[in-house]
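Structure, as structure tokens:
Naming follows writing order (A, B, C and D), and every chain is counted from residue 1.
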Amino acid sequence: MIFLRKTVAIVGATGIAGQQFIVSLQNHKWFKIKKLAASEKSAGRSYQEAIQNPNSGTMRWWSPERPNKEILNMEVENAGNLDAEEVDIVFSAVESDAALSLEPRYAKTTPVISTASAFRYDEDVPILVPGVNLEHTELIRIQKRNRSWQGFVTPIPNCTVTGLVIALKPIYDAFGLDKVLMTSMQAVSGAGRSPGVLSLDIQDNIIPFIPKEEEKVQKEALKILGKLNIGKVDNANLKVSATCTRVNVSDGHTESVFLSTKKPCSVEEVTEELRNFGKDFVRIGLPSAPREMIVVHEDQDRPQPRIDRDIYNGMATSVGRIRKDNVLENGIKFVLLSHNTKMGAAKGATLIAEYLIKKGYIK
Amino acid sequence: MIFLRKTVAIVGATGIAGQQFIVSLQNHKWFKIKKLAASEKSAGRSYQEAIQNPNSGTMRWWSPERPNKEILNMEVENAGNLDAEEVDIVFSAVESDAALSLEPRYAKTTPVISTASAFRYDEDVPILVPGVNLEHTELIRIQKRNRSWQGFVTPIPNCTVTGLVIALKPIYDAFGLDKVLMTSMQAVSGAGRSPGVLSLDIQDNIIPFIPKEEEKVQKEALKILGKLNIGKVDNANLKVSATCTRVNVSDGHTESVFLSTKKPCSVEEVTEELRNFGKDFVRIGLPSAPREMIVVHEDQDRPQPRIDRDIYNGMATSVGRIRKDNVLENGIKFVLLSHNTKMGAAKGATLIAEYLIKKGYIK
Amino acid sequence: MIFLRKTVAIVGATGIAGQQFIVSLQNHKWFKIKKLAASEKSAGRSYQEAIQNPNSGTMRWWSPERPNKEILNMEVENAGNLDAEEVDIVFSAVESDAALSLEPRYAKTTPVISTASAFRYDEDVPILVPGVNLEHTELIRIQKRNRSWQGFVTPIPNCTVTGLVIALKPIYDAFGLDKVLMTSMQAVSGAGRSPGVLSLDIQDNIIPFIPKEEEKVQKEALKILGKLNIGKVDNANLKVSATCTRVNVSDGHTESVFLSTKKPCSVEEVTEELRNFGKDFVRIGLPSAPREMIVVHEDQDRPQPRIDRDIYNGMATSVGRIRKDNVLENGIKFVLLSHNTKMGAAKGATLIAEYLIKKGYIK
Amino acid sequence: MIFLRKTVAIVGATGIAGQQFIVSLQNHKWFKIKKLAASEKSAGRSYQEAIQNPNSGTMRWWSPERPNKEILNMEVENAGNLDAEEVDIVFSAVESDAALSLEPRYAKTTPVISTASAFRYDEDVPILVPGVNLEHTELIRIQKRNRSWQGFVTPIPNCTVTGLVIALKPIYDAFGLDKVLMTSMQAVSGAGRSPGVLSLDIQDNIIPFIPKEEEKVQKEALKILGKLNIGKVDNANLKVSATCTRVNVSDGHTESVFLSTKKPCSVEEVTEELRNFGKDFVRIGLPSAPREMIVVHEDQDRPQPRIDRDIYNGMATSVGRIRKDNVLENGIKFVLLSHNTKMGAAKGATLIAEYLIKKGYIK
């Protein structure tokens, strides 16, 4: 099969999430970055100027992988004036407030794949997670009809949810889920750069609170694991409770999960389900897909963020320490790790885009 | 009341736990360090020599507070040959294997307060936690009788348990406890110095496994919260499940707790019980006691280890983010913080010693 | 001698430097915080509101020591409208640009002690360092006359300079100095909070550049070590070269110094001069003064920032590893440590204020 | 040209340096790992067992890249009994004491490439650095003759020296060098695993001392930059002074260098020499060689260890902030970065092996 490369606009291109889109897309065979857009204060400047620290003259850039020359020289447009019709896809990495006004404007003509939470909770908007709920793409048709858009908006979930639902999905399907209690230890990159997490605040420390994070986890997990039912998603019938903390790790969200299944299940059965998960999705052969959706670790001291976050280019979810929990009914506990700025952000959104292209939702 | 200062021996004096005893006792008005003992390889050397790094000539010392001159010049004895009868109390900070053979020998004549786990699970041995289960001291009489010892052994619990049972006790007493699910984020000082946790292994990382820790937490919590019943302790009737992880924090164990009480209770009621906890114990006026056993934090982003671990000299347990849990029946969740090398180690053991002196168990 | 407490205003009170002034002054017997001022966006709000993170509701506060209730309830004034005449002293912790316009306005009526660099290089402005160049206070009279001010402006130096000139001064006086080559390893707190240093950028990393820092070090050291000569300071006759780097340390600037003296000198002689330095200044008995200006470490692996920065409440300069350098003529090398947010910032400025009160420059 | 793969033994295979050899060699086209050897206590066990933590059952392994199955199943031999004749090359990663007795035994029959310092200072032993002093290989012939060995010993230098001499060499050749003053900020991996650097000791800290490091830097740099002169190396005629510190960085040694050249030179000329350095060596096309020996950074805030250490697989030396120094005669200063566990260790030794094969010293 031969694709013509899709042209894309990255909106919010100067922020950390936007930078991740640049890294994810600049050498991607299916996509061509045609436009970069950001807030008014960056508009009209070259991308290089826009990300320069005015005091030091140094680049505010987040990744070891740098933007290429073409990107550095591209003029940044004002997101408010972007003509979305000139591109095949808009990748939106703006804050939720901005997303609320900008994304519908783009979606009139063009598919928008977004990291913002603005539309996640709308009934006709799917929160797509690769391999987990791609049948929810069905909502796209309804959304387009409802809103008379030629394009659509599909947000990815909060980065803390991504790994969680990937690990829960095979268990949910095989044994049912009743209760999920999760404590996250989240990486500082999740807080981005403005203001981000200061070394001053997190060194030799843990911050046991992330604004709005727990609510998002609890809400989005139920929707993502929910069933499509005549044009909308019925929330999954399980209860999720989260305590989200910030630790001094650069990348990779670690989550300690205790859960109770509906049917009894052994550690071996759970392990088996996790290992086998996502094979069909992987088989599609999308360029950003991991070779396995879930990597199960047998070493007791794994997964560890520094060592395991980059497995399959940061697109795999690592699960380890799977064992019985003696407190909950049909209790199982484990630790999972998901790369919050790869699978949980731009690269995950890119994978969704690849899927939507493959399935004809994006033309 | 006037005390004559009790003479003490510190066994395992060169390790990190032993060093903490030195810091805790060297300027203490009730105690006088008379003997330092360690393994054969340190025996016969001055304490200063014994803790010197042979390669660099620098001191392997753990704390900003240094040993005083008298201590540095004291000759280290061979723990195997220590004559415990020459002191009023032995503080034991040796590994569990060594404790198994050494502590009974000392206890023949002398009270032994230990950080080792060797005897924690014996029926006639209490695991004492200040303000929580001091009525378990009753076991000391039985132990002495059983074993025909003039002294006795009282271990403190694993440092991860200390803060947990302090936070659980008032809830248990007021509302009953059914289930406790805890994820710990433990400081590197908990692993001591040999081998300890290498920066190489923990920087930008989490290690989601600590050998034997979860078992200890689960077992010790039930015994500590248990009721004295005709000369032995009946385990508390609750279920505890733990996932213990290591994070890159120097001191202070943080724990995310989800629990289910037997009676319904509001967040306000739980908060009230936590705030009021331990007043009677504090009123005894022991020198190492905190002004409050539990400090309840109202700021959502607290407790934080770097900021809160040293409240009341590291002897308070901090609890914050107390809120309803929507998953467990009568669910409550919160985050606690306990200083693992102060209340959870030597200073906690010192506080126990003070109590036993006050109550006449040590003369 | 009995003082009436001086009333003070803290300008730039919401930033990290201003917060340090609050910690330094709120329980100080000589001072009473009467006014807090900041930029327009904080004006009219209580201090508590002004430092609240709008997203999380949590406090943006920098220190384990909290502002007291009185401070939290104080209304923040607009720095642009502050009536400096109502206080005895203004402590200014604003950025250099703001200092340029605000400080002269305050100085018309009131002494201003500033952490900003705006006036450091003016000929009639001394850069005072405790125990080093207090004879430069003479410039204050000239400044007042030149500018027809009733008050005056005295900035403290850049925090990287403070420890350096304290360590250099006794050597300069005893042996002369020809060359100084310094590499700093600076703490993240030196960069403050806006934007500050993100964990993301500094974890597992070093940033070998701090905008404008090296120029300040080179320039200010010469002026501070200079001689008063008929109403102005002649720069010291030595050459200073610096490479300034940022490391992942919370507080405490470490500096590796290589120097060449004019007269030959032994390690012992240098050590002796460092040890004896500042005795006269200490003897004045100012409340914030350290017991020794310089602490010389004999252990080869000291000074270390975490262990040594808080010696004498962060007001001492630690020097260690004093040894011959075989490359420079009369070469000596050593490592120094200075607490950048204590002696190098608000507490250092407070000590200067104490001195100026004692000597009658502030009434 | 076609090579038969050389068979190699890795001695000291369980330590961190040995592990790095495994990573460097296990998929290398020119080499086949035939034997693993270590101390007596590992002998007779599989490699997997030998590196297992006895307490936790987890692997003590240092790198994200794991040993392959074949390696894990290989039986570890006792280094004392290793028959070196059965392999083409011995890579030795043992401590210096062990090297002193083991390496000559192996060298009787077989070339030994070593990370140990034991033989570095012998007159007939070259300390080879790729691209810098490969003409010193000439000493190998003399060494073999002197010692009647069929093999030989060639140590690589201390890891702090590697980057330094690579950066100095082009300057030395073009302008001469008079003085070098260097302050290092070294990564914790440099201290290995036994005992290594504890998080406890280095977190939020700097340790301004590394035993014997400064002496090694000063001594080895002169030998490496020295000239071959009738069968021995005359030390380079320059003076080197170092202050070596440990910082909390996992990998990558950063060095702040001040130097004085014999001939005047501009920043541009120095930059040009650095950029052009090593082209001939690179052109040989050895598999482990970097594409450029030195990467010159123009961004003022580079090189940074986390971002730049892995350029060209950790085999390049990064140099940045090249500028005039105003203190030394013909003064230049810059910051360099070298990957201490890649170019500075096993991968650097591997590159030397490749060179020696290519030139016929290893057959």
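Just so we're on the same page, a residue touches a chain if its C-beta (ideal position, glycine included) is under 8 Å from a C-beta of that chain, and two chains touch if they have at least 3 such contacts.
As the structure is a computational prediction, the values presented were derived from the model and not from experiment.
**Student:** Would you mind telling me which chain pair, A-D or C-D, is linked by more contacting C-beta pairs?
**Tutor:** Output for the comparison: C-D.
**Student:** Could you pull out the chain whose C-alpha mean position is farthest off from that of subunit B?
**Tutor:** When every chain centre is compared against subunit B, the largest gap points to D.
**Student:** How many angstrom lie between the centres of subunit C and subunit D, each centre taken as the mean Cα position?
**Tutor:** Each chain's C-alpha centroid was found; their separation is 42 Å.
**Student:** What is the distance in Å between the mean C-alpha positions of subunit A and subunit D?
**Tutor:** Averaging C-alpha atoms per chain gives centres 41 Å apart.
**Student:** Pull out every residue in subunit D that's touching 2 or more other chains.
**Tutor:** Within subunit D, the residues that touch at least two other chains are 56-58, 203-204, 209, 248, 250, 300-301, 306-307.
**Student:** What part of subunit A is in contact with subunit C in the complex they form?
**Tutor:** Interface residues on subunit A, with respect to subunit C: 55-58, 62, 188-189, 193-204, 209, 211, 248, 250.
**Student:** How about subunit A: which of its residues touch subunit B in the complex?
**Tutor:** 179-181, 183, 185, 203-209, 218, 239-241, 243, 245, 247-250, 254, 256, 258, 300-307, 320-321, 325-328, 331, 333, 335
**Student:** Quick one: in the complex, what on subunit D touches subunit A?
**Tutor:** Touch list, subunit D to subunit A: 56-59, 64, 203-204, 299-301, 306-307, 310.
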